[in-house]
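Note that the chains take the letters A, B, C, D, E and F in the order they are written out, and that residue 1 is the start of every chain.
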Amino acid sequence: MPDALLLLTAVGLPFVGAIAAGLLPTHARNAAAWMAGGVALVGLALLWAAYSTVAAGGVLRHEIDWMPSVGLNFILRMDGFAWLFAGLISGVGALVILYARYYMSAEDPVPRFFAFLLAFMGSMMGVVLSGNLIQIAFFWELTSLFSFLLIGYWHHLAAARDGARMALTITATGGLCLFAGMLVLGHIVGSYNLDVVLASGDRIRAHPLYLPALILILLGALTKSAQFPFHFWLPHAMAAPTPVSAYLHSATLVKVGIFLMARLWPVMAGTEAWFWIVSSAGIATLLLGAYAAIFQHDLKGLLAYSTISHLGLITLLLGLNSRLAMVAAIFHIINHATFKASLFMAAGIIDHETGTRDIRRLSGLNRFMPFTARLALVAAAAMAGVPLLNGFISKEMFFAEALSAEGPLPPLIDILPVAATVASAFSVAYSLRFIHGAFFGPDPVDLPRKPHEPPSWMRFPVEILVLACIIVGLLPAATVGPYLDMAAHAALGTATPEYSLAVWHGFNRPLLMSLLALTAGVVLYLLLQEYLAKGVEGAPLIRRLDSQRLFERALVFLSWRLARTAEGLLGTRRLQPQLRLVVCVAVLAAGWAALLRWPGPGNLIPAGIDPVLALIWAIGAGCALGAAWQAKFHRLAALILLGGTGLVTCITFVWFSAPDLALTQLLVEVVTTVLLLLGLRWLPKRLDLPGTRAAEVLTRTRRLRDLGIAVAAGAGMAALAFAVMTRVPPELLAEHFLERAYTEGGGTNVVNVILVDFRGFDTLGEITVLGAVALTAYALLRRFRPAPDSVDVPEQQRAQSAYDIAQPERRDGDTVADWLLIPSLIARLLFPIICLVAMFLLLRGHDQPGGGFAAGLTASIAMILQYMLGGTQWVEARLRVLPLRWMGIGLLLAAGTGLGAWAFGRPFLTSYFAYADLPVLGKLPMASALIFDVGVFALVVGATMLTLIALARQSLRGHRASAPRPADPPALPPPVSAPTPPPTPTPAQTTMGDD
Amino acid sequence: MIAEILVWSILVAQILLVLAMGCAVYRMLKGPRAQDRVLGLDTLYVNATMLLLTFGIRTASILYFEAALIIALLGFVSTAALAKFLMRGEVIE
Amino acid sequence: MRRWMPFPVLTATLLAVWLILNESVTPGGVLLGGVLSVIAVRMLLALDPPKGRIRRVQVAVKLAFLVLADIIRSNRAVATIILRPDSGKRTAGFVLIPLDMRSPYGLAALACIITATPGTIWVEYDSVKHTILLHILDLVEEEVWIDTIKGRYEKRLMEVFE
Amino acid sequence: MELILALGIGVLTGSGVWLLLRPRTFQVIIGLSLLSYAVNLFIFSTGGLRTGAAPVLQQGTAGDLSTYADPVPQALVLTAIVIGFATTALFLVLLLAARGLTGTDHVDGREKDR
Amino acid sequence: MTGWMDHLTIAPIVIPLLAGAMMMLIDERRRPLKAALGLASTVALLVVAVTLLRIADGAPPEAGAAAVRMYRLGDWPSFLGIVLVLDRLAALMLVLTAILGLAALVFSLARWQKAGAHFHPLFQFQLMGLNGAFLTGDLFNLFVFFEIMLAASYGLALHGSGLARVRAGLHYVAINLAASLLFLIGVSVIYGIAGTLNMAELANRIATVAPEDRALLEAGAAILGIAFLTKAGMWPIGFWLPNTYSTVSAPSAAIMSILSKVGIYAVLRLWLLMFGGSAGASAGFAGNWLLIGGVLTIVFGSVAVLATQSMARLAGACVLVSSGTLLAAVGMGQVAVTGGALFYLTSSVLAIAGFFLLIEPLERSREVGADVLAVTRAAFGEDDEEPDEDDEVGIAIPAIMAILGVSFGACALLLAGLPPLSGFLAKFAMLAPLLALDTSGDAGVSVTAWVLLAALILSGLATVVAMTRTGIDVFWASPGNELPRVRVVEIAPVVLLLSLCVALSVGAGPVMRYMEATAQSLHVPQDYVRMVLPPPPAEPGAGDGR
Amino acid sequence: MTHLAEVPAWVALLTALFLLIGAGLTLIGSFGLLRFDTFYARIHAPTLGSTLGVGFVLIASMLFFTVLESRLVIHEVLITALMIVTTPITLMLLGRAALYRDRTEGNDDVPPSQATVVKPDVVIPEATGDQPPPA
């Protein structure tokens, strides 16, 4: 079998299986189990196929280009060390799958379970078979992710959700640190390729970035392997289904951190920093875990803390910077996987058959499930380090290392043997508790279920594992020896030390320590009987050191309270501060840029001051300031003053040679005024109510600040304007436009030629803006809902109507009809004249001031005038403007003019002009730009009318709301939230004009 | 000399007109009633028309005629709208 | 002809406006202006202008000159009032004038005349009682004003429009 | 001359900014209008100030910058005026919609606690 | 300029323009026709964009032939008229726009298209504005297209109306109007000093600007930059962004996820063009500020990610993080980092859009947001909407929660930058060159690199925490809810967008090569300039036959 | 200002004269806005400008351009005509609106409406956002 296929299958097959299992129907538990088991067995078969190469010290390798330009390739790599781990993953995986088939209940969506499990298995395979640092981080995070899904599998349980979240938060955080560490490590080495990295140990250890890299990587490894002080997530992960715990916390997830430390041991270990960090984390975890395990009442909790403790043991071994310790660590990894997996499964069986895992409630199960009890007894003995079982051998190796350790921290070295013995004694105590508590003693009372032996296939995996414990314990060198040797050689390279795997090394100090620990453990357990019987939760002394609570609090504080406070402080949801910031930042940015390099003098001499314009601007400034002053309480005044400012702007345009601008400005001015007035009707009344004194002071302060900002912005803008006005760049685009406007653009009004020809594309865009805005305004107004206090017909109208009604000889509406009689007549007569002027502006725009936009606005004003003086219904009964049609046609005309050029093989918007010499009529200019301008005209008319009419029609709503008349089509239900308006004497008259 | 007189008289005329505009703006600012402000704006428009015409003479350009024409033709629309608002509380009924 | 050009005077006026706007009289311009004027009038027709036409052009022209003279006179009068130091002692006031004229065009013309003439302004029209309320800047005697409006303007306007 | 216009632009900007920072939607829309005047004048002024030199050529000739004002800023301002007009209209409609839905004309759609 | 292929460059602007214009002529009641037209236009846009991408990527950079295509509007010489310029960056953005457009449009067919008037033409104008902004080579034309884009986005943001939307929309519009004014000021200062609006010409002239004018030019550029950065959502001028994005309708939000990137695009394009290596004394102007602003934005975005409970706001905060990341990466001013940033941009735009589209079906399963639509649909005023004939007919897709769950998970991974999807690779692609930047000596990782590294890692962490919290809340902690009714057209776009992220992940190699080539030509814009402004003799004899 | 010297002296003088008269009249009219103390008096003021003021300026303009351009320039006539037609619209509308407002406020110096019956409860305070400025 080619390496590539083998490696890809080993990693890929679990994922494929996961997807397949995920697609199975919810009740297909057997199919899913078979599929999962098959995948695991295929994995084992693949490993078996690879064994010969790996055992000979060879490395299987396959590389695929992924992101070669950033040095990231997908590399799969299997050496002896990876092989060993892959074996654990597949082997334990297969057993767990078998176990789970019987463990999971029929109500659970089992295919999803196996899908997650397989995906997790694939991720694990990915980590151990990665030949690339980034890829390790990649699969590493995947293991976090799928373990999260597995732990939270029973997500209807709050404990499962919390446990899963905590596990993910901790391990993913670690994973991100690891990612950063891998980046730094890759930067140090200059490659992410694991082979290159493993060959660069000296460079790495000597590099100034070694320590940051080490810390980041260890943060990843220690969190994942539940080392102190990150250990607390692991017990909470016990909310997972037991097969998950058996898998994740014996052979796989928690071993990933260990795997990584061992993998990088040759290049990163051997320094004081390594010793300090790793071994102190290990020893703390070892003791703490073992101590806490004694006091757990939950079987799985006990196993969880014992796992923590054993992981601490392995970490400590890795931290000792000794090759022999490294071998011991690898050996203990295997042993721990076997006995811990079997113990978890046993605990699961107990839970499954009795309905509880609480040691306080369990008792005497030995009589109900004797076979299971014996299996558990053996596994627990292995965990306790009882001779002739596998746990004993690796523990002996650990004791030996503890005795011979050297390091930069003498006190630690001195207490090491003591600590090892104490921890070992603790482990004897909790093992005893597990066995004695559950299986011995009087018959249990009040169990949820009547206990009995599990199905034999459910026990089978436990049997296999326990058998392994015994065989390895009896014949270590013959059974596990070659594999351990292979793994150690792969991990350590040629520098693998001599070691001997034997049950009996003579009566030496480690043995003494073992015996001491066994005795002490038993004594301890006996002494604690009374205390444990009380059933107090948590371990004494460290009960207050509840890392979980701390973590939850910290998380809530950091990710919730602090974040919310910070968001409130750093951000805002109010508009005023946001605008203030935009203005301030803009002023500061411009000011900073200008002051960075103080601008020199301009190259134009300012012209002398014309008193007329100066006076005009005095007026303009007065209007602007007045508008600013009045806009709050005297909206109408502000609007009028705004009109004054607009007029001054318009005069300025005239003054400085921009007739087109003046024209357009004026027209826009008129339409805007009408528009704003239309809006004014819906705004609330405003009264100048004095607030409290404190509020007044605050308001005044705020206003002062805003005044400061306004003055700064104004001054800055004035300075900028002056500076830019007084300089002219050496080369101006304008020169070309002036030169070519007539000769090549066919028009004498250069501004218009620019608008419809040189930069016609801008104009096309600009009318699209107008169209889009009109559509938006229309859509918004269709959903417009007036505020309750402005839904009524305005007071003036009610008063005038009431007056008319009160007069016997008058009809309702006479007042307004009389008032408008003459203005509306004149306005109607003006209508054709204004339209004519619009045409005039449109047709001459190319040569003289005018153009489509000005013409369109003029025509719109002609219409608005009729609406104003005739009333909406009156006008619409006579003139049907279809604004959307105008808009559509206008836009199509303008765009069509552009497209027309394609027919002549020219780019979009290429213009054409000629003077047609017609009989009688003489020379007539024919420019495609005119068609374009007609399009502009049509769109402007349509867009303006659409907005204005939509806005104006809202007034009808008020009339309808106050007096729904059947004659008004379409009749509308009154707004839900609007209060019923006060009854008016008779329906209000909406039709105006002279009928 | 004659041209000089013309130049100066245009200038004086413009200043007079701007002062007239100032009077109108005074009303716009001072009020006291909304109708006074509207009246001010209307006057401002009329005066501005004339200012534009004098400006046309000053620069001997007829290009500014359209602007003046537009004020004369359409300037009243905004004041009419304002008046309508005062009388009816609504511009388009 | 009537069908296409229902308001010949107005059409002609519009054509004139067009030609004045364009400041040129070319065949093409006249043709275009004519077409546009006809279209413009048709647009006006959509708005239902009240019926009415100028019956006596002579009177209209005479009235125009009369009004011009009045305007000039009133300009002087009002300017004096404004510049007179004791303008505070004026006798401004409202006056109510009954009207006999009913033609909307006549009323419109009257309104324009009154309002365009400095010193008088049309303030209110009552279609039920057929009265107008004027404000007059220099109101010495109400009767004089009623006679002026009715005799000087209304009579002539009724001749023109009714 | 440049100084006058620059000061004018400054006053318009200052007034506009002041209003932009006020709490009432109507104030904001007036402020935006004032600001767009200021900005339009600003764009316009970058081409330099020329009196009586409107960029309208004689029939059949080419022009140059010594006799005509820079037409480019004028064209840009024209586009800016149109867009400003459109957005003012939109903002108006929007502030009305907000006023209708929230019942207040405060920019945040709710009255600040007094 | 004769072949039809030559006109392809402008097709991304013309197609939606024509479609939108035609839609105005179609009665609002014939919505299926409008929808069909819109779909046809958007599919056509996608085809065109992909074709253009292939064209832009045609010439390898080392071959010396510039992978830049120019389209001279009106057949005017390029320095005179407006030009469209198609290069790799523009093509990439076009493709992204078309993809998001298609996804959002398909999604909207389920119900949103009916939530208000004129959805379809506004949508087309939105696409037109985006495409134009990416294609144009003229500064003022960029403004115009920004305005088209914004005008349409105002409409889409307010589509469906309703209290929250209008309230946030008011802020959105107000701030963007202010920003547009800044845009105008900036552009006119630059014109007043440099005398041109053509971006390539501007790049040419920047070095020769007189020393006494340079300060003003830079002030203009700074103002322009603030306008862009406001739109990009930079702290402290981007608070509008999460507020707005969290209230708008799902399809609008999806399309808006690229809208915020237009600001970044503009910064990237103009900053590198104007203040690149050949800018003389102005080279690298304000780069540090981009970096600082970017990092602060990441920080604020992360805080907002954590502080939020609603999914929509969460997504909005993710947009901030993504903007900040891009700004900081661009601010580094290094080719390799820019390449990674472009990869990140692509990935994050797709992911955020997918997330926005996903939120609505998810919210539907929770009772809270369930009747948002119902409220906004409460006919008010002159409503002539047709009755909702088929609104609740949609059958619940089987295993919909699983599909939603997988999609949510994918979004979470993408946003947090976790494997196996493209978010992780994107971060890697930025961070790897970042660390490798300064390899002089052994010490070489700069403080800025560390800061950025930390910011990215922490923002990822914040996203993990927040997304986990939300995911658990939605999928795990609320078992009582009934299955949401989700239509295929609603979930298909999400799946499409997320599959694209998977594709990005799998095909990272070629994608990254494209991004690097793009970054290379951005940082060395000589090809761009040479293509837009060919040597004088190339000027065609314009005018004849016009 | 070279082109100003292109016209004959009489034209220049006449133009100058008309301009000054027109502008002066306009100023006087606008000055009335300051002088008069009631709105109804002030409303007369702008008519000075919109009739003779504008008339004189337009005559000046027509004269000047007709001579300068050596062709009949009469388009100013349009402005005159439009002024005469449009100013009344505004002033009439405004005057009546003011009257209404004064009546509803019960100001003494305006004539009461010619009502035969006035219901006491129809007097409703002003509706616009325009309150008299705070003292």
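Criterion: a residue touches a chain if its C-beta (ideal position, glycine included) is under 8 Å from a C-beta of that chain, and two chains touch if they have at least 3 such contacts.
Predicted model, so just to flag it, every value in this text is computed and none were measured.
Among the remaining chains, those touching subunit A and also subunit E are D. Looking at the partners of subunit C and subunit F together, the chains they share are A. Look at the CA centroids: the one farthest from the centroid of subunit F belongs to A.
Of the two chain pairs shown, A-C and B-D, the one joined by more C-beta contacts is A-C.
The most central chain, judged by the distance from its Cα centroid to the centroid of all protein Cα atoms shown, is E.
The geometric centre of subunit A is 39 Å away from that of subunit D, both derived from CA atoms.
A separation of 28 Å divides the Cα centre of subunit D from that of subunit F.
Put simply, the C-alpha centre of subunit E and that of subunit F have 55 angstrom between them. For this pair, subunit B with subunit C, the centres built from the Cα atoms lie 22 Å apart. Under the contact definition stated at the top, the residues of subunit F that touch 2 or more other chains are 29, 31, 43, 45, 50, 73, 75, 78, 85-89, 91-93, 96, 100, 127-128, 130, 133. With touch defined as above, residues shared between interfaces to two or more other chains in subunit D number as follows: 20, 25, 28, 42, 46-47, 51-52, 54, 56, 72, 79, 83, 86-87, 90, 94-95, 97, 101-102, 107-108. Shown for subunit A are the residues in touch with two or more other chains, namely 573, 575, 579, 583, 635-637, 639, 655, 659, 680, 683, 686, 717, 720, 724-725, 728, 732-733, 737, 740, 743, 759, 762, 766, 769, 773, 776, 780-781, 783-785, 794-796, 800, 807, 809, 819, 822-823, 826, 830, 833, 837, 848-849, 951. Pairwise, the chains that make contact are A-B, A-C, A-D, A-E, A-F, B-D, B-F, C-F, D-E.
Taken in their complex, subunit D has these residues touching subunit A: 1-31, 33-34, 37-38, 40-42, 44-65, 68-72, 74-75, 77-79, 81-90, 92-97, 99-105, 107-108, 114.
On the side of subunit B, the complex with subunit A involves touching residues 11, 14-15, 18-19, 21-22, 25, 28-29, 31, 34, 37-38, 40-41, 44-45, 48, 51-52, 55, 63-64, 66-67, 69-71, 73-75, 77-78, 80-82, 84-93. By the touch rule above, subunit D contacts subunit E in their complex via residues 20, 25, 28, 32, 35-36, 39, 42-43, 46-47, 72-73, 76, 79-80, 83, 86-87, 90-91, 94-95, 97-98, 101-102, 107-109. By the touch rule above, subunit D contacts subunit B in their complex via residues 51-52, 54, 56. Of all residues in subunit F, those touching subunit C in their complex are 25, 28-29, 31-32, 35-38, 40-41, 43-45, 47-48, 50-52, 71, 73-75, 77-78, 84-85, 87-88, 91-92, 95-96, 99, 110-111, 114.
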